[in-house]
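Got a structure here, written out as structure tokens. Questions coming.
Chain naming follows the written order as A, B, C, D, E and F, and within any one chain the residues start at number 1.
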Amino acid sequence: MSFLFGGARPQPSSAEKIAAAEAEIEMVSNMFNQLVDTCTRKCIPETYREADLNKGESVCLDRCVAKFFEVNVKVSEKMQGEAAQRQGAAGGAGGGMFGGS
Amino acid sequence: MSGMDMLNAAEQRELQGRMERKQMKDFMNMYSNLVQRCFNDCVNDFTSKSLLTKEEGCVMRCVDKFLKSSERLGERFQEQNAQMAQQGGMGVGR
Amino acid sequence: MSFLFGGARPQPSSAEKIAAAEAEIEMVSNMFNQLVDTCTRKCIPETYREADLNKGESVCLDRCVAKFFEVNVKVSEKMQGEAAQRQGAAGGAGGGMFGGS
Amino acid sequence: MSGMDMLNAAEQRELQGRMERKQMKDFMNMYSNLVQRCFNDCVNDFTSKSLLTKEEGCVMRCVDKFLKSSERLGERFQEQNAQMAQQGGMGVGR
Amino acid sequence: MSFLFGGARPQPSSAEKIAAAEAEIEMVSNMFNQLVDTCTRKCIPETYREADLNKGESVCLDRCVAKFFEVNVKVSEKMQGEAAQRQGAAGGAGGGMFGGS
Amino acid sequence: MSGMDMLNAAEQRELQGRMERKQMKDFMNMYSNLVQRCFNDCVNDFTSKSLLTKEEGCVMRCVDKFLKSSERLGERFQEQNAQMAQQGGMGVGR
């Protein structure tokens, strides 16, 4: 999912390349699953009076996808910015559980 | 741009196999989320051990609506993704 | 979990057979975990005044299991019916993320 | 009927090993869901850093009740499953 | 995670030792993920008026970690106690889905 | 006390590799939980297909707050863990 975390570094072994591709696909698939979960909860009322999507629900789903992508882009830009800052600062206080590598 | 473009034929076959197992798993997860969601939203009477007619109707409409929603979301997801790939090569996957 | 998705097709390699059996067990185990999650939320109040299950809670759990199975059967029948229809129609509009093979 | 019936001895041993690892994982998941559920429902006071007596009592009853529920649900699950297997060979597992 | 389930038994093969160490790490990591999920829900209001943690939120998080550990210790002691009882009774009624060794 | 102390060098290397893959997966999970949480709490207007200014602000503050919370929780987690290891050798990990 290159739009999320920037370009890839050179990857040597075959197992590593497969693992990286697999991780990329898994990321996309997770993102889609969360999108389905989130957007159906936001747009589909829990009463189920009709089996079809009505106009309002359909439009809501479409806009929900657009906003979900926009949020993903903003968040990933923010996190890349912070990662770059941290690397620049080289050895600040932080880290915690997610500071590694 | 994407890691997948750098795989050779053997590596692509191996990845393909894993993806098929993943698809099966994904389908099962989708199925059980669907059941759980619709059960949760539709079944609330525990004075009997059989589904009430109205509960069954609710579950069926819930499944329909959920499948249609997933399909629509899938289409929009792919469009958005293709659009991002065009604007500055930031697409997902290939 | 053959009651959910109909009979199995011939499966050649040993790895595939093990994977299929593993997937079957995992499906049952997932279903049980969801049953526990769902039915305890439906039947057990969040106050925990007593450590034992009382009569009402016990009966509620029993009926919840029966209804959960019934819903599973209905949903899987519905989805098999639709899959059959789709195969008959051979190449309709649908698909989306879940239309594949 | 079930995929498992077609495995030979070596395949069953391999499956057995995987199932043992899975059981360990399942137990850990069950344990952490239990902790999360009971913590969530019982602990709501953050004016002190030690558990209140009533919170501790609530957690202990919650754990008891959850384990008893799981046990009862497990018994009913297996009964239902056996029953389905009889009615038209649609059982789960073997 | 030895504080949860008592001492380890002798473990022969290399694969088993790695699997056990992996499971231990996974347990800790799961516990941390649940801690993050639970404590942020308990302590961080969903309005996000400010990007920083305020004093009240910080203190709440600290106490939440302490209580989460305390609950883990109590629950694991309770379950070890019951497991010991069951082994002593050797063949009681129980078991269900979670009775197995 | 811990299982990890008994691994030889080769076993530790294998474990190391698995842990790196796990770390990548954990990071991705953390990222997507973060997105889902902040989307859920901040985005509630579906009369337009672009983020409102106030929604974007909310998401950015939510991300910040969540990262700071995780960092703080990570520190406290390690302290508690170290403390338990001292009191009677019941620590987690090494």
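Please note the rule applied: contacts are C-beta pairs under 8 Å (C-beta built on N, C-alpha and C of every residue); 3 or more make two chains touch, one makes a residue touch a chain.
Predicted, not measured: the structure shown is a model, and the values here were computed from it.
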Path length in steps (a step moves to a chain that is touched) from subunit A to subunit D: 3
Contacts common to subunit D and subunit E (chain labels): none
Chain whose mean Cα position lies farthest from subunit F: C
Listed chain pair A-B, A-F or C-D that repeats interface D-E [over half of contact pairs the same by residue number]: A-F
Chain centre separation in whole Å, for subunit E relative to subunit B (CA means): 31
Gap in Å, rounded to a whole number, between the CA centres of subunit E and subunit C: 28
Length of the line joining the C-alpha centres of subunit E and subunit F, rounded to whole Å: 15
Where subunit C touches two or more other chains at once, by residue number: 26, 31-32, 37, 43, 62, 66, 97
Numbers and ranges of subunit F residues touching at least 2 other chains: 29-30, 38, 60, 70, 72-74, 77
Chain-level touch network, classified as line, ring, star, complete or other: ring
Sequence of touching chains round the ring, subunit C onward through subunit D: C, D, E, F, A, B
Subunit C-touching residues of subunit D, taken from the complex the two chains share: 1-4, 6-7, 10-11, 14-15, 18-19, 22, 26, 29-30, 33, 38, 41-42, 58, 60-62, 64-66, 68-70, 72-74, 76-77, 80-81, 84, 89-93
Residue ranges of subunit D touching subunit E (in the complex, touch as defined): 21, 23-25, 27-32, 34-36, 38-40, 43-44, 46-51, 55-56, 59-60, 63, 67, 70-75, 77
Subunit A residues touching subunit B - in the complex, by the definition given at the top: 1-3, 7-8, 11, 14, 17-18, 20-22, 24-29, 31-33, 35-37, 39-40, 43-44, 46, 48-53, 57-58, 61-62, 65-66, 69, 73
Of all residues in subunit A, those that touch subunit F in their complex: 4, 19, 23, 26-27, 30-31, 34, 37-38, 41-43, 59-60, 62-64, 66-68, 70-72, 74-76, 78-79, 82, 94-101
